[in-house]
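Order of writing sets the chain letters: A, B and C. Residues in each chain are counted from 1.
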């Protein structure tokens, strides 16, 4: 690590160049152009154009470069360093990043790159030069913007610890709320129309948002709220905790239990109400998220608990879906109902879990990953082939799969006059399945089986020397994971009613793997966090869908490099993290 | 009575014979050491006894008191459940599990909860789980790790890791405990306390101890019987005093030249004294 | 009976029921393949010349697999990691060179100097792929050396997706038609066997590249350093070898071979797109495993073998079993082969290294 001032500045400039290249790459794959249509911030006093997401991301990127560089050069050993070094470093990095963009502007305005790079359009020159065009202004503007924004970022980074998290969260909330404007307003409109209720919510939404983007008053309100929450909540919470401690022990236990019961009941009520309260499209998104959570819980057992990196997990999803499809679709002439077919599907999934588990018993790590990937591909190729077409329908798949549930919702109070759609009805069996899987995962984790899995993950040979039967333990993990994926597949088939082999490609396995890694391998709440971040968000933000896999890749690499324990690590990993970070804070 | 009898065990790796027709009898409730130079086949012997290697020839009879069983036919986990536990030369804990979880993994084979029982959360399962936690705490206390149950195994200091590894193997309720260089990397003080600790294992828990060691002081201080192996063969056997006096042992440890020199010197001394 | 066999040490002393199941399944598969082959030959749908042309097609395809497989094997030999993103490195070279090929073709040089253009294209592709590979190592893999095994593997999966979709974003998602020189069109007749001229070009180029690599590894000082590092990194470092440099070089050479292979691949199929690296990458990995991963001649042999099995297999094994359109299942055959090798002979055909904790 270069620790001289020159060394630090050199490293900062290099970071700036890397950051600038990253922004340029984002530009060249077409991200900014795609985002140019989404307004985030409404103009001051209602005049002019709103600030759109592309600009927010570009400027935000420069800000983040300054923030990170300043954080790094103000590291634990900064006491000996002269005061303005972090700011200097950040400014230098920002200017370097801006210079990279300026160089692109210079090049692209003279040479036509569109023959090779499809996104190197004139728009990009205009955008990256911040409206300065190909002239000297176009070169000066990005550099200047980089310098100023990075300095702003440094200012943010050097805020006292008391204020910084609040400001950070506030800024992120503004961007997120701006991005979600269309989704939110559409939703609020629907609720107020269908129910003549929710007037207050509608009023708040109207106040926060301008016609296009978050209104300036909304920005201020969100920032103030975030600050108040992060600064104000901590002492409030500490006070409550102190008062709670003063209670007698038995009362502590009783009130804690009561509180937990209350929370669970409230959460359950909310979950039951959601699809009816939000309508068809959000229900559809929640169904998808639910199925992913279900499979995430299953794969978390295989990968997170037992450490068996299964890249062919989609096979069991396909098996569950196809079993239900074959048994229930009129095309095959068996014509069972969904609930009669479900147990069969689960048994078949368990069976395949064991059958495909046996060959990989003796392989480890990379080899296991590749074999399971091979199995996943073989199953998909077989499903698409002419050889099994009479049964599985080849590439055309299976149609007319009946729905799992038809609820006469009209008869229930509070539902109103709405006619529930399939997406809303399917939510309930999916919710029940997720609940069941959650319970299974939670019970197993705290039992001797869960401990055996974790021992296996840590050191297979020693686990065996501790009296753990490797064959049984591994097959049990595969079978449990397969059951959950099979259940997910069965529900999926019933929800979409037509299945094709193309729905069961490797990407599904990767998606689920990414979501449990992002959430935190081995962490049960992490599965929920991961699914919300990686399935719900992209569903809601359609522009992102083009870059979904690219971003997955980036997220995976960055997570592995910087935070392999995930966003919501297991309790133990979290404690380790805080003890690691404590000395530096 | 012998708790373990090894007859004619041979283990080859390709062309290399790591153990060559080894015989060994370990009396119950003794502290027994196997010593020998590096690469003499000691750890291979442990691996054969715990089922990680299958010897090509010979039998390994284990008699925990209910009649002898040949271990050659068994898997490692079956052998552990019969009552043999081991530690490793380079400590092998489950690094990302807490100390108490490490010990509870050792209890695995003694817990009876079925899958259905676990999923239904039956009272018997809850009772057993509570027992397991208590038992694990008790074992941690016994090895001197009271109050450290919630630290990650990886973060414990070296000496504590050794102790935790022993606590974990004790959790399997062994009749015979195999310790692979338990004092490797320890300073004299730590070694001293480890000697006392090993004695306690035998005296208080009645566990037979089989040691592999390099540290001669430890071996001589603690063992009741010693077997010396070299090139996979037994070259001496007996009490510490007998083994120390054995010329083949000196040769194996100090090299042929040294042994001859020693013999010459003693001869020279003898003739000199005769002349004088 | 089992027990007496075990006691006499004819069968392993400890046989698990799952071992028996695997044995039976393996036996059934072999029987099925033999039965299928006999039936296919008995039906006589294809003539001897046709079988021969299947073999040639397999060799061509296989030589490309072999070149890619070398990258897997070289990196595995040194770092014991599977560079899952290697297929994307292959794609990067092939896809980028498309633009060079277009402009060469546009100027009429492609037809005027077919061999010179081919060499220029392969060099360019090799350079691009080498750059991508070296950057990948520097940014994603180097900080993870010594991390638990799953972490670099997951990183590699992430990198693979990142590269695929970055190139999709840069060059577009369409399928681009690769130009082919006039001189490489048409067949060469060998008796009644028609061999496309392209196939010959591909095989010869691949063989030249493989020989060059073999010479480099066996005869040059840098190759010696590479072998030393693959034996033991620590000792090599003590001997004064720059281990980081060797690792970068290994990624670079593997990448360059993949890039050159990309041009050959594009020459055979006449098209490129951003997703083209995935399946060949997997196949090449299969080839590397077949030959014994970490083993250089093994990767070459494994690639050729896989190519032939894939091309002949569907018609030989499956046609006779009455499977309709067997060629759809050629990828399934390749993956089945991979699974079988990993299970029954994880050290591969030529592998001697016992990969205990692979």
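Going forward, contacts are C-beta pairs under 8 Å (C-beta built on N, C-alpha and C of every residue); 3 or more make two chains touch, one makes a residue touch a chain.
Source: prediction; values computed, not measured.
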Central chain (distance from its CA mean to the mean of all protein CA atoms): A
Relative to chain C, chain with the most remote C-alpha centre: B
Centroid distance [mean C-alpha coordinates] between chain C and chain A, Å: 34
Distance between the centres, which are taken as Cα means, of chain C and chain B, whole angstrom: 47
Chain C residues counted as touching two or more neighbouring chains: 16
Of all residues in chain B, the ones touching two or more other chains: 75
For the chain B and chain A complex, residues of the former touching the latter: 50, 52, 75-77, 80-81, 85-86, 88, 92-98, 101, 104-109, 111, 113, 115, 118-119, 121, 125, 129, 132, 152, 155, 168, 171-172
Residues of chain C defined as touching chain A within the complex: 16, 18, 21-22, 25, 81-82, 99, 139-140, 143-144, 147, 149-155, 157-166, 168-172, 282, 285, 289, 323-326, 328-329, 331-332, 335-336, 338-339, 342-343, 346, 357-358
Complex interface listing, chain A residues touching chain B: 440, 443-444, 446-449, 451-452, 454-455, 458-459, 461-470, 476, 572-573, 576
List of chain A residues in touch with chain C within their complex: 25, 28-31, 115-119, 307, 309, 311, 358-367, 369-371, 373-375, 377-378, 381-382, 384-387, 389, 471, 510, 513-514, 517, 546-547, 549-550, 552-557, 559-561, 564
